[in-house]
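Heads up, there are several structures right after this.
Below, chain A partners chain B and then partners chain C, in two separate complexes.
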Partner chain A sequence: MVKTRRVWYPFFLLVRHPVAIVLVGLVVLFSLLYPQRFLTTLNLTTILKQFVTLVLFALGPSMVVVTGSLDLSYVGIWMLGGVLVWLLTPVLGLFAICVFPLLGLGTGFLVGVVHARGKVPSFILTLCLLVVYWGLTAALSGGYSRTVKGYEFITASLVPYIPTAFLWSLPLIGAAIYLMVRTRVGLYLYAIGSNEEGAKLAGIPVEKYKILAFTLSGLFTGLGTIVLFQHLGGSVPVELNLKNVVWPLVAIVLGGTPLVGGSGGPQRTLLGALTFSVFYRGLYLSLLHPEILQLLVGILLIVSIVVGARGLRGVEIT
Partner chain B sequence: MRRNDTPVLEVRNVSKTFDTVVRALDEVSIAVYRGEIVGVVGENGAGKSTLMKILVGVYAPDRGILLLGGKEVPFPRNPKEAAQRGISIVYQERGVIPHLRVYQFLFLGHEEQYRGPWGLQSERMKREARDILDEFHVVCDVESFMYELPLATQKMVEIARAVLGVRLESRGKDVAPVIILDEPTAPLTLEERRELFQNILRMKETCSFIFVSHIIPEVMEFVDRVYVLRDGKLVAHYDLAQDAVTEEDLFRAIVGRESLAYTFEARKKTVSSEVILRVEGLTKRGCYYDVSFELCRGECLGLFGPAGSGKSEVLRTIAGILGFDGGKLVIKGQEAFSGEPPHVRLERGVGYCSGEAGKELFFHWSIAKNISIVNLKKVLGKFFPVIRFGVERSIAEGVMGKLEIKAPGVHAECYSLSGGNKQKVSVGKWLERSPDILLLEDPTIGIDVGAREDIYEVLLEMKQKGISFILVSDDPKEYALLCDRVLVMRGGRVQRTVSAEELQEVAVG
Partner chain C sequence: MVATFSWEWMKRNAGTLWPLLVACVIILGFQAVNPTFLKYEGLVTLVYAMSYFLIAACGLTFVIMMGSFDFSVPSVLKLAALFCVMYIEKLGFWAIPFALLVSTGLGLLNGVLLAYLNVPSFMATLGVSIVVEGIGLYLSKGFLHIMYNERFRALATTFIFGLPSIFYWAMGIWALCTFVALCTPFGRRTYAIGGNLTAARLSGINVERQRVYVFALSGFLAGLSGILYMAQLGGGSMLIGSDMSIPLFASVVAGGTALSGGMGGPHRTLLGVIIITWIQSGMLMLALGRDIQMVIFGLIAVGVAIATMDRKRIRVVK
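Let's look at the complex of A and B:
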């Protein structure tokens, strides 16, 4: 029958989260390659900054990916939200920043309803929405990047060397992981991603929880973009930068949430974002051409999707 | 003795009509007593599923009454209400959620009773999960993932979950659980079935079961009483302990006609002396070793053995799906090599047909296209190779007529067909192609007896035309009906060769 295997817990963690091996490997590799430059406070702070950007974008969508769908609207929420803040700050003052979570919530709910009720594939739906938001951003801003002053306090330095944005992201990360690991909502999202029909048969209102997944994703993205808005310079670009869309996706998949859903989640995304930040920073320190970096990032995404799809079936716990 | 008790569950004169035309159920009455297993058998479309769905509250009946413990109660309106009254169901497939841990799956949908101040009380859930699994003698770790468990254990966990659902929903009230098992053995191998049955028999003291199936030997062996449905009507009711019922009686009641499977003269001698396939010392490390046999034109050879005996792997090697490490494979006098893809083997005259749903059908294609895919030589024009729709249509119509495939027409998409009809399309496409050797892997798995008969008839007809078969199946009866010779395999080696009639005795005894 089934043998109960007790494995040394850290080892178990490594097998279940193989990306941790990659992370440790990369840190060792880069420390050896660039002994003068890699393990410096400046470099580590930069890595943390990059990590914050990735994780705040990827946190919400990783909940959607767990259900087997995809939410690409995060960059759209950030861009359109930024312009709305610029428009509304003269009217509402600093309260204008509340536009972000409200926009996120609304977007997520809308996407969820159209996706679940209208049976529209979430990938194409959110991709189109992203383009719509991009267009709206350009139209509302008049085609120029608009800087908004007055929110600098959000990222004002509190602890030396540690970016304040990182501190802000901690409660969000904690809430997301708690939600997915300890609550009924999280359990149901995993169930839907693993076997939607089975979840239906088990009496889970699948449609409702799918809408909830997108709404949560939007809400977490909205809350995250409050921090990101200032973290990324207090203004938003009017041109869509594809790397902002792709990198968080890399973080999710690299962390070990397969795009077909059922396993993974925000806790994995955390690991994926950290690994990706280290990977990118290490390459950045090398003399490689920036275009080559993009190429390597693309390859990394493909490799992690392949590994994620095959799972760890090859790895035996002995 | 049982007759004097009040049944825990009884329905009287239940009728259900869909779209005002199809009478899915017509005045059906069944009763379930405490601690017994009641079989409900019938072909696909006989009304079994409709009846079960009424019992668990998915459908509302047009007419009829429900009595629980002798008291009349309204029919449940949803599965939750059904569970509160003691009725729960284990679905045939797709009920398991692979990425949940066992304890999470057991309590899925009942979490409201396990909510604590800090989220779900997982420690309490694990503890109670262990208790219930112990109670039902299910051996597994509550923290493993569902996909890590063997299929039979998964089924047991599902059954435990159904009982648990009744207990949790009917909190405080004393209800006798009635668990509906909807074809629980469909994905299991022979040994796994045995194990499952033993476990269920042990649970009989605490609950009653309604066992929905179309596998007759299984029903005969396993249930106390059996109700037979045909075209929405209750046509027979047997008490297997008292009435002398044979498998044949049951078959006749289900299908409404004489069975081919029980008239052995249907199998005429068709074997010629021409050797068409020779296998010498074929070995694939880790799967099977030193397998040798010869297959003659018009012969049907069976490979019989438990799961893991290597029978499927041998078949797939001949089909070109797997390679081999050693030995020789000679097809029609020419040696075939390891690593040849299936289409090359098909050119050599070897076709492969699997009954596993969805394995070889293109679900979104029409029936005609699915048949054309292996008959392209006939369908394409001689001088100008384009698909000739007329030919395609006439071939498909021929196959549909011969196998009595029930569909609106040749252009019906395959996903809209019932399981039996899908399988008929799978097998039927080879009818026109007529390969020299057809490899059959579970050709009738999971389909009802009527559809089986139609497929057997066509296979026997093909055999008479000189086509050879190699059969791998889980059903000894199938070997008895189709095969001339059977190789018994175990642990990757051929143990002995027996005639089909002998095999039946081996399997039964």
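Let's look at the complex of A and C:
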């Protein structure tokens, strides 16, 4: 029998979520550094806005990361979907926004099938798909960023100081967390992430659940981008910005989902996204050069993966 | 000699024959569309497009052979090129070894992150490439820099026997890499790690050290490629090599170095580079836009990744 030791619960929580310490530390640090600017409603609203962006991009992929794979196609879904909405609005009217979830669902299913059956490493597959979508976006839009009007009601202000996009994201977040924590699907995805061979031997149809994971990721990204499309200005860029791809990844990894999978999940991503938003906003207030900010984000990504990968032994990492 | 060309022989050497066949078809196909291709001027243009690409691809080949992935090659190439153009006046020719040192150091950093800190290589190199882009942007301030040093430019643009010297550089590097991969313990160790990591470790290979060396080699070759590319171009900004990552990956894999690792090699990469640069030049000739090129390259990359993957040997793909 292993003797269990009772640990003071908040302490236990901090050990399991070291990023919580970082979050508290950052808030204290920035509040002390910029007493006039950091703890203002304007700044907190901005943090919340960025938090929403990160969370809606990162929710789906964090389910895939739980299985140990990686899904980078979210920015592609957003960009191509935005252009398709622009193309289809004259035909379908406001229903054109339905393109987002459909495109997400289709993309996720396609990626899942090719990854599971073709055995192509998911990061390279989704990276190539991202580039294909970017090319299609630029080709379809004719090289200009196209603005679509008529969806302003999605982000119309409801509650003062709280962005409406945040309210929209709550049901999605709830659904994602419920799916991962309380259902069999979530359990199986964690099992696949922690040991795929073992999951196969235990009788889990691994291929099917991997396809499901990618499909869910695409669907959640698709639903999230409905809100994000308007939240980010009602138009999409035609240039692929690596920043948009990397930030949600930073949120996932910073939250404590290790890239080899098996633990973490969407609930951790919330914490990661919040910490990243506070970190970025604090640096933004410090008036550093944007290049330096980018550099610091890269370092943050590496450091958080290193911290997240601590204590991994016996796992083959390529 | 009849037996050499039997069905069995073709099956055994399918990995070499397929790229060769595809290369012939592509070359003849574009030749049929535009007969100026195989004339002297067309060949010089192709050699210019191919040479720097081949050097960078050789480094990436070693990494993929080992079963890892290096996302940072285009960024390191860019940094080395910018470094040369900005500091050649201040440092003289010392700028070249310094740029090589920096790029090798970045490769070393990738290797250490993978081997000793358990960070999956695509993620580590993604993080490093973000940092490198930040440094490059900070150094260059986003401006276009022109190379005025004619002696430096002569490194790549001197014509020897009717072909620019960068061609001989590339061929020399390629021959050296092929020799290292096929005829030295270093190469055998790299293949062994790609073939089976655990078996390589059990047979006494210092896997960690080898991984660091291979990533350092990749960084070094990326840096060298960047320096020669800058000598060839005679100036550049942050946009150097920005669309390179997918074609580069596609050319390595199209040659027959599968993502599953342990097979292929730099000798195969030559064919892959010929295929990809020929397609690229052909698309330019057909006046296809950059967006359509991206779509086609993305699809090619996914296609060759699926086609070359060794599905019998690998059990788990993330």
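The criterion applied here is as follows: the second predicted complex is superposed on the first by the 309 of 318 C-alpha atoms of A that agree within 3 Å, B and C clash if a C-alpha of one lies under 4 Å from a C-alpha of the other, contacts with A are read in each partner's own complex, and residues count from 1 in each chain.
We adopt the following convention: a residue touches a chain if its C-beta (ideal position, glycine included) is under 8 Å from a C-beta of that chain, and two chains touch if they have at least 3 such contacts.
As the structure is a prediction and not an experimental result, all values here were calculated from the model.
Asks: After aligning the two structures on chain A, examine chain B and chain C and state clash or fit.
Replies: clash
Asks: Tell me the contact category for A:G68 with respect to chain B and chain C: first, second, both or neither.
Replies: It touches chain C, and chain B stays clear.
Asks: Which of the two, chain B or chain C, is in touch with more residues of chain A?
Replies: Looking at chain A, the partner in contact with more of its residues is C.
Asks: Check whether A:G198 is in contact with chain B, with chain C, with both or with neither, and answer first, second, both or neither.
Replies: So A:G198 only meets chain B here.
Asks: Just checking: does A:V246 make contact with chain B only, chain C only, both, or neither of them? Give me first, second, both or neither.
Replies: second
Asks: With the two complexes superposed on chain A, say which partner A:S122 touches: chain B (first), chain C (second), both, or neither.
Replies: second
Asks: Quick one: is A:A139 in contact with chain B, with chain C, with both, or with neither? Answer first, second, both or neither.
Replies: second
Asks: Quick check on the superposed pair: does A:P18 touch chain B, chain C, both, or neither? Answer first, second, both or neither.
Replies: neither
Asks: On the A-aligned overlay, A:G174 touches which partner chain: chain B = first, chain C = second, or both, or neither?
Replies: neither
Asks: Hey, what residues of chain A end up touching chain B and chain C alike?
Replies: The answer is residues 197 of chain A.
Asks: Which of the residues in chain C come into contact with chain A in the complex?
Replies: That would be residues 67-69, 113-114, 117-124, 126-131, 133-135, 137-138, 197-198, 246, 249, 259, 261, 289-299, 301-302, 305-306, 309, 311, 314-318 of chain C.
Asks: Would you pull the chain B residues touching chain A in the complex into a rising list?
Replies: So the residues of chain B touching chain A come out as 79-80, 91, 94-100, 104, 108-109, 111-112, 115, 118-120, 122, 139-141, 144, 148-150, 153.
Asks: Quick check on the complex: what are the chain A residues that touch chain B?
Replies: Where chain A meets chain B, its residues are 1-2, 4, 178, 181-184, 187, 190-191, 193-195, 197-199, 201-204, 262-263.
Asks: If you look only at chain A, which of its residues touch chain C in the complex?
Replies: Interface residues on chain A, with respect to chain C: 68-70, 114-115, 118-125, 127-132, 134-139, 143, 196-197, 242, 246, 249, 253, 259-261, 289, 291-299, 301-302, 305-306, 309-310, 312, 315-318.
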